[in-house]
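Should a chain be cited, it is by its letter among A, B, C and D, assigned in written order, with residues numbered from 1 in that chain.
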Amino acid sequence: MENNGDVQMTAENDDQEEEEVTAQSVLLAIEEAWLNEKFAPEILPHRSDLVDCMLQQIMHMEENMKRLDKEDLRLMIHRMELDRIKYVITNYLRARLEKIEKYTIHILSQEATRSSEECYLTVAELQFAKEFLTNIEMLFKTIALQHMPGNFQTFEVDTLTVKPNLQTYVFLRANDRINGIIVPGSMDEEIDLEPGSQHIIQYSAVADLVKSGAVKLI
Amino acid sequence: MACCQSYIPDYFAITDILSTEERISCKIEVELPGLGFLDSSCQSENLKVGTKVEFPLWLAEPLKNLQNSVVSVDIPKIYKEGYREILEADAEVIVLSKWNPFYYELGMHVRKFSDRDYEIITESLLQTFKSRFQLVMDWSQNAMSDPTLSIQLPRLERDLFLIGQQAKIRLVEWLKMGTNELVVSEITTNLKKRKREQYEFD
Amino acid sequence: MDPCEIEFLSEKELVSIIPNFSFDMIHLISGSVGPFRAGLPVKVPIWLAVNLKQQQKCRIINQDWMDADSLNEAKEEEKLSKLFTKMPSNHYMEEAQLLLNVASDDISDADRIKTAIKDIWDIRMSKLRTSIDAFLKSEGLHAKLDHLTAMEINSVRPLLPHALDQMLRIQTGGRATQSHYSGTSQ
Amino acid sequence: MYGRKGFKLISELDLYSDILPFNEALIKEVLQEMQSLYDANVANSNAIRNDNNMALLPSVQLRHIALKRNKRCILAYIYNRMRKLKELRWELGSILPPEINTNLINAEVQWFQSYNKSLAKYMRSLGEDHGFNLTTNMVPPKTLYVEVKCVEDFGKLELDDGQVILLKKNTYHLLPRSVCEPLIRQGILEHKST
């Protein structure tokens, strides 16, 4: 009971010792996922494992806080921290929704090629994406498409696809040492990244490294 | 907004639709029956071979790209040698938006009309952008810059200027005030402003 | 990113406070803080320090590096160096801003510290502008940004990456992207 | 020239950042242009097929390009209005102010409601179906409570702890930040910085 042991003094010491111990590392991982999502042009593999775990922590904590006296110093401090964590989660999930809304067709068609273990969207995000597409199609049809002549009535999925620009420049910091990244656009220039070093480069050169956690976007 | 991606044309892009409305001088290479009226000076029913017309880019480019080109196009003079030389000499002093408000966008399209000039126009656009960037950056870093400055810049530079200026204003505010204040949405502010204006009219 | 978001990130950094109350260790999700003993220094995240200070529950001890003389030395070094020198903290500007705003009564020499940090910031910002222009003119495809701090990097965003993106569009004709939607082809 | 009216639709979006009244008249004109282009092409295509009159083909191709252009302008007009409407959902909440509502046509109102529904469903699903609200905590938190001035009569407001307060014009309150955030965005409260 590492994270909420203080309020636990009156509560039973229940479940999942292991999970509790890593609450801090889960939070750090969410913060990194948040910044990566914010700066990456494409949608990244979802981290609902982290989000669900942290939302559970929050609920747990809020439950325990109810037992505290209104004047208890801990109440203020826990609330402040929860607000900070909620802000990160809100911002992270919203960045994902924005990409889903902008690149709906592209994301859905990519997602269709992935197996359930390697999918990038959560079940709820996938549902949201599908509904978003249906709603746009409905909007286009009702206002315009049904009034257009002949084959111009079709909702041409390919033409309407908006794709993220993977060549966009991003800032990053290396977590690990990485050798031999080929600089896009160069003849065959290679660079090495020292741990902790900071760079600006095209996203496409480091997309895999962002996903594997070898670098983080800043 | 959580994401702030740079401009790249897509089907719904306003900038792309606006810039492809720019006119291009074309010569008709294949007779177009029943379309004589597209040339206002033309009396006949058909648009005859050899007629000079000004077509919007969205029309001129695909017509030229048809298997047997229906039109031949003339690269606008602002991308030709004489004008390129002016830019080489002193790109910063030119009011580029007067040459064309979509100077770069249009340039990126018309260079495709000529294999011979593709590289030269690309190089000219790139050098022009590079030599003017300092100016765009300096203007945007001066949060108090004259708002009319942006009118002097073609769209691509103007967008950079505005986004740079916006970031700069935020930074200056932060440096001054430190902690942030919760603020009213810009949309709400506009709505209220409009309401007031309405009252004043009444 | 908005500067207040960078400030948010900086609030995770630790700072020493001297509480005027006593309390056992508090187990937060982000790690434990305390125990607090009245009159004894203890390290806490800046967000907590600022809030305790606002409630008059503590004094803030300024960061080791917040010393006017050594900052003025650093300033001279920054002036002489062509490259960016290493800063004592990746969030020096935000930390200074936060702590000096809320605890100027706790920090001796606050005005001199403020001035020195502002000078260093200004020198570095003007260096940054020059190097951006040089980087762009060189048509560089990659740059190392060692010793640039979080707020400094953020200050060139989105202008620098967007400008590079547009240069790339000009160079490649957006072939790699989606120019075929430009309404003119097909 | 073909496509001028479609272009006008898009310039309107470019000139004004607000949501203007839906330009039904202009949309109708663009649709009419599409219809006449289409009719001309059907007639020409028949002539090509029946009389093998290949000379008509270039004109058919030209009109086809113009048809696609018009379609693009109309869809881009609808799409970009939808984007602005979407922003409003995040800024002002699920109920639009009447000034905006009167500028929308029925299909847009329908879209807005569907979007609200999808979003609500998504938010309810978060945290293993316990739900998580994404429309509060949108700015980095600073303090738990903020001092606010009420600038518009709002009425009763219930706080998380069950306490009910009355928000009357020109009254001052110390309220939890998360409660104030949306009301400040909507211009009902004003943040008094200390």
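Following the convention adopted for this analysis, contacts are C-beta pairs under 8 Å (C-beta built on N, C-alpha and C of every residue); 3 or more make two chains touch, one makes a residue touch a chain.
Note that the structure is a prediction, hence the values are computed from the model and not measured.
Chemist: When you check each chain against subunit A and subunit B, which touch both of them?
Modeler: Shared contacts of subunit A and subunit B: C, D.
Chemist: For the interfaces C-D and B-D, which has the higher count of C-beta pairs in contact?
Modeler: B-D
Chemist: Distance between subunit B and subunit C based on Cα centroids, please, to the nearest Å.
Modeler: Measuring from centre to centre gives 36 Å for this pair.
Chemist: In whole angstrom, how far does the Cα centroid of subunit A sit from the Cα centroid of subunit C?
Modeler: 24
Chemist: So which bits of subunit A are touching at least two other chains?
Modeler: 38, 76, 80, 84, 87, 91, 94, 159-160, 162-163, 165, 168
Chemist: What positions in subunit B touch 2 or more of the other chains?
Modeler: Residue numbers touching two or more other chains: 1, 6, 8, 10-13, 17, 58, 62, 179-180.
Chemist: Where in subunit D do residues touch two or more of the other chains?
Modeler: 69, 72, 75, 79, 139-140, 177 - these are the residues of subunit D that touch more than one other chain.
Chemist: Chain contact topology under the given definition, line, ring, star, complete or other?
Modeler: complete
Chemist: In their shared complex, at which residues does subunit D touch subunit C?
Modeler: 68-69, 72, 139-140, 143
Chemist: Along subunit B, where are the residues that touch subunit D in the complex?
Modeler: Residues 1, 11-14, 17-18, 21, 30-35, 38, 55-56, 58-59, 62-63, 66, 70, 177, 179-192, 194-195 of subunit B touch subunit D in their complex.
Chemist: Quick check on the complex: what are the subunit B residues that touch subunit C?
Modeler: 4, 6-11, 13, 16-17, 20, 57-58, 60-62, 65, 104, 108-109, 111-112, 122, 125-126, 129-130, 133-134, 136-137, 140-141, 156, 160, 163-164, 167, 170-171, 173-175, 178-180
Chemist: Quick check: in the complex, which residue numbers of subunit A touch subunit B?
Modeler: Subunit A residues touching subunit B: 38, 41, 91, 94-95, 98-99, 102, 159-165, 168.
Chemist: Going by the contact rule at the top, pick out the subunit A residues touching subunit C in the complex.
Modeler: Residues of subunit A touching subunit C: 1-6, 23-24, 27, 38, 54, 57, 61, 73-74, 76-78, 80-82, 84-85, 87, 159, 162-163, 165, 167-171, 183-186, 189, 191, 197-202, 205, 218.
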